[in-house]
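In the two complexes below, chain A is the common chain; its partner is chain B in one and chain C in the other.
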Partner chain A sequence: MHILYAILIGPFVTMAREPAFLIEVLIGGLLAGVMYSLVALGFVLIYKASGVFNYAQGTMVLFAALTFVGMLEAGLPVLLSLIAVIAVMIVLAFAVERVVLRPLVNQSEIILFMSTLGISYFLVGLGQILWGGDVHPLDIGIPSGPLTVHGILINQLDLYAAIVAGTLVVALALFFQKTRVGRALRAVADDHQAAMSVGIPLKQIWVVTWAIAGLVALAAGIMWGASLGVQFSLALVALKALPVLILGGFTSIPGAIVGGLIVGAAEKLGEVFWGPVIGSGVEDWFAYILALIFLLFRPQGLFGERIIERV
Partner chain B sequence: MLYREVGQFRTSYAADQAIFPIRQDRIGMLALLLVAYIAVPLVANEYWLSTIFVPFFVFSLAALGLNILTGYAGQLSLGTGGFMAVGAFTAYKLATAFPGLNIVLVFVAAGIVTALVGLLFGIPSLRIKGFYLAVATLAAQFFLIWLFVKVAWFQNYSASGVITAPPRAVFGHFFVTGPEARPAYKYWFTLTFAAVLALAAKNMVRGATGRKWMAIRDMDIAAEIIGIRPLSTKLLAFAVSSFYIGIAGALWAFIYTASVEALAFDIDRSFQILFMIIIGGLGSILGSFLGAAFIILLPIFLNNLPNQLGLHVGVALVTNLQDIIYGALIVFFLIAEPNGLAALWRIGKEKLRLWPFPH
Partner chain C sequence: MSEPGSLLRVNNVEVIYDHVILVLKGVSLAVPEGGIVALLGANGAGKTTTLKAISNLLRAERGEVTKGSVEFRGERVDRLSPSDLVRRGVVQVMEGRHVFQHLTVEENLLTGAFTRRDGRGGIARDLEHVYLHFPRLKERRYAQAGYTSGGEQQMIAIGRALMSRPKLILLDEPSMGLAPQLVEEIFEITRSLNREEGLAVLLAEQNANIALRFAGYGYILESGRVVLDGPAAALRQNADVKEFYLGLGGEGRKSYRDVKHYKRRKRWLA
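Right, the complex of A and B next:
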């Protein structure tokens, strides 16, 4: 009885008793969720355009951040290093399309997924050989102290991350809706063959998608790097983004954002209110179990395309 | 010229349905088993037996299990490491709680418990498919590892979280675990498990069960229409697969490493075994073994390469270079032969049939 009370009722009593603390935890969680969304966004872009489940997205985050920090440490000014990293990510997109995707056209999804695992190993090795395996602190001039609003503590870095993510989403939305390339990207995402038949070059579109995913990875890498330091464990944020993906749906950009917010908030709440009852380290799997239960009721995620099967 | 089936007539249904209908295959398999059982332990030294052959059989079993689920039944799973941990920790709890219990029975029981856990985590497969399912199986992976790290009962309250296999013997005095265990005994023990379970898997996949799995894999709706129950078929695949993986986990913890912590079964282990079945060949028993051999030998080869070439490079550089070569080789293999080593073997056999007259 006692354990049931502690799991089912106790945490809610604590929440009701200290609403300010609850809001603080909630905001912290939502802002942390934005960081997950940033990573999940890259997955969604590539999955939508090429049907590839790109496990290497997490490694791309690490690789971009490592390259950025490496350039800064070599003495380049911020703007120049930023341009250089963007160039590197575009070259990477070209290389991936030419060396990996093109020979694997028409292979099954699992083969493409495995090939991105290969890319992931490759990038981890390459990044660490080029820039070393230690933790690099990344200071981009964001004040890191907590901010107090009406007695509620907010981490400033998380706030900036949220702003970056918001800007990124708006920019991507404009790009997808208003530009010629963006429209082509959406056409490819809808139907490969129809897109090809109206003369959209599929191969170039893939390069563009991977390049954009690389830029998103760079943004995520800078924000994560600023909060954790640039180190190998950045590649593991991919594992955090996966439950976000299945919660929001593999094919939906708003899904990635909303999914990230839900996962971030649920994870923090779980850690703070249920953590003491069932043991620490809950955040490793809490999001996954949440997503799993959610999927039982809605197999395509929150905003994923409805799965219609034809025989 | 040697590999020719001309003149081998099958005059009964039994002969037609045999596992190896071609005589050369029968002889080859028998020879392979003889070499494995007698020649290898005589020739190989202790290093080879305990650090290459024993893990090879353990990984082959795990790959076999995952291949049943992913290759035959088409359900992509990333929870292999977690299920191996279930097998390892169940075997440990059983062996320490019932010291008199035969070690073989302990392993089989560990497999059965893992099968039940696999059944539980297989339930979502009825609703979700493809990558959604793959990510959902990650829930099993992370939850199970967390459970074994956090709940001290599973490690018998050891301070370090490491479990150590108690000494156990088969047939009275042939110790396979503990300080008195000899590499040759360990080798024979794991080899027997691998051989018996591989035979069972081969028979399962070529019978009604395997056909149901493959029908579900190829198109589940069509399979349902011709009268295959998706519920029982998918869950059976999860259970059988987890049984194999659980035994592999128990063998890993008891025979190969002798002492192990839960983190040895993390997500990298799951990916490693997934690599094995992709490189070996999805939906192939032989492929599971070939893939396991490749993935085990590759790091050993890469480790020794700089020394062989007479280069002196730092340890960190070697590890990173290994990652690069490993990743590049995986991509290369997927491009060169997406159906894996087993497909290469099949092509080779076709060529052998016609040799030396290719037309």
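Right, the complex of A and C next:
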């Protein structure tokens, strides 16, 4: 009886008693969730445009952050380093298209997936050779102390990360809706044969998609690196994106965003309010349980793209 | 062997899928400048394969042109990418329409202009032009294409192809699954595009009846070979075509090949 109360009712009583604290935890969770959204977004972009489940998305986050730190440590100014890393990610996109995607065109999804495993190991290895295996602190000049708004504490770094991520998402949405290339990307995601038939070159579109995924990875890597330090565990962030994708649906950009926010908020709430009852470390597994529940009841995810069926 | 005025020439093309499946066994045909040419044949005859060999969409399906050549305006084009071909003025409207379902009607049309480099003005003008030919699309311009009717989707697919400013359009079974009046409407529009703008059309159809009414010349394909060709008027009068493709014959339907076989034997005996 007592244990049931502690699990099912107790945490809510605590929440109701301290609403300000609840909001604080919630905001912290949502801000952290923005980062998950960003990584999941990289997955969705590539999956939609080329049908490839890109296992290397997490490693791209790590690789981008490592390269950025490496350039800073070599004495380059921040802006120049940023431009250089963006260039590196674009070159990476060209290389992936030329060396991996083009030769494997028409192969089954599982083969493409395995090739991204290869890309992932390659990037980890390359990162290690170039920049070594240590933890690199990353200071991009964002004050790390908490900010107080109406008595609620907000982590400034999280806030900046959320602003950057939000800007990126809006920019991407505009790009997809309003530009010629954005429209072509959506066309390819819808029906790649038809896209070819009107003269949209798939190879170019793949390069653009991987480059965008690389930029998204870079943003996530910098923000995450700034709070945790740039280290190899960054690549594991990708594992958190998986439950986000299951929640949001693999093909939905809004799904990736909302899914990330839900996972971020849910695991923080779980950690803070249920942690004391069922042991801490809730944050590490909560997302997966949530994903499992979704798989049982709504396998297409919250926003899994509707197949249009006219009757 | 290039006749004057030939816009497209397909010379003895052989196509193999998956490295082993021989589907086209030496197909030759020509489309004159500003002409409408019909490519007729039953299911699996190789009509779609022929069109894809021309537009080079074959490669994405593990198909390969292993012999022969394709010439457009006198130049070899069989090694070009689909995108290059569209840029030169050859565009395919695929069988089954293939609209971009999650894009609006207008966005669908605009994707057709992807390869163009002549700026927004020209594209906007051509968009209005497409709407002039397909007024129904203008009414539905902001609707999601996936929710439009089958006839509207066929119009979207044709309009989208027109947005690339083609000289030659490869139309694959535009009549598929549409009501007779709608088929008639779409063929009428195609004819007016042909007459007013000199757009050449290579039309793959199972519906020989309507195709031979609108085309000037026709080829009949069977099992990957051209078995008969001639001016549309002559084909319409041909007894075998009447029997096997126009459904005007008396006895039950046979394959055209049986007739050939029988004729061959007769010749052999004579």
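What we mean here is this: the second predicted complex is superposed on the first by the 306 of 311 C-alpha atoms of A that agree within 3 Å, B and C clash if a C-alpha of one lies under 4 Å from a C-alpha of the other, contacts with A are read in each partner's own complex, and residues count from 1 in each chain.
In this section, contacts are C-beta pairs under 8 Å (C-beta built on N, C-alpha and C of every residue); 3 or more make two chains touch, one makes a residue touch a chain.
None of these values were measured; they are calculated from a predicted model.
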item: Superposed partners chain B and chain C on chain A - clash or fit; value: fit
item: First (chain B), second (chain C), both or neither touched by A:Leu4; value: neither
item: Which superposed partner A:Ser115 touches (first chain B, second chain C, both, neither); value: first
item: Chain B versus chain C as contact partner of A:Ala16, first or second or both or neither; value: neither
item: Contacts of A:Ala187 with chain B and chain C, given as first, second, both or neither; value: second
item: Which superposed partner A:Gly301 touches (first chain B, second chain C, both, neither); value: first
item: First (chain B), second (chain C), both or neither touched by A:Phe53; value: first
item: Contacts of A:Leu79 with chain B and chain C, given as first, second, both or neither; value: neither
item: Shortest CA-CA distance in Å separating chain B from chain C in the superposed model; value: 15
item: Residues of chain A that lie at the interface with chain B and also at the interface with chain C; value: none
item: Interfacial residue positions of chain A with respect to chain C in the complex; value: 105-106, 180, 183-184, 186-187, 190-201, 305, 308, 310
item: Interfacial residue positions of chain B with respect to chain A in the complex; value: 70, 76, 124, 127-132, 135-136, 138-139, 142-143, 145-146, 149-151, 219, 221-222, 225, 267, 271, 274-275, 278, 282, 316-317, 319-331, 334-335, 338
item: Contact set on chain C toward chain A in their complex; value: 55, 57, 60-62, 81-83, 85-87, 91-94, 98-103, 107-108, 110-112, 114-115, 144, 146-147, 149, 160-161, 163-164
item: Chain A residues touching chain B - in the complex, by the definition given at the top; value: 53, 99-100, 103-104, 107-111, 113-115, 117-126, 128-129, 133, 239, 242-243, 245-246, 250, 279-282, 284-285, 288-289, 291-292, 295-296, 299-301, 307, 309, 311
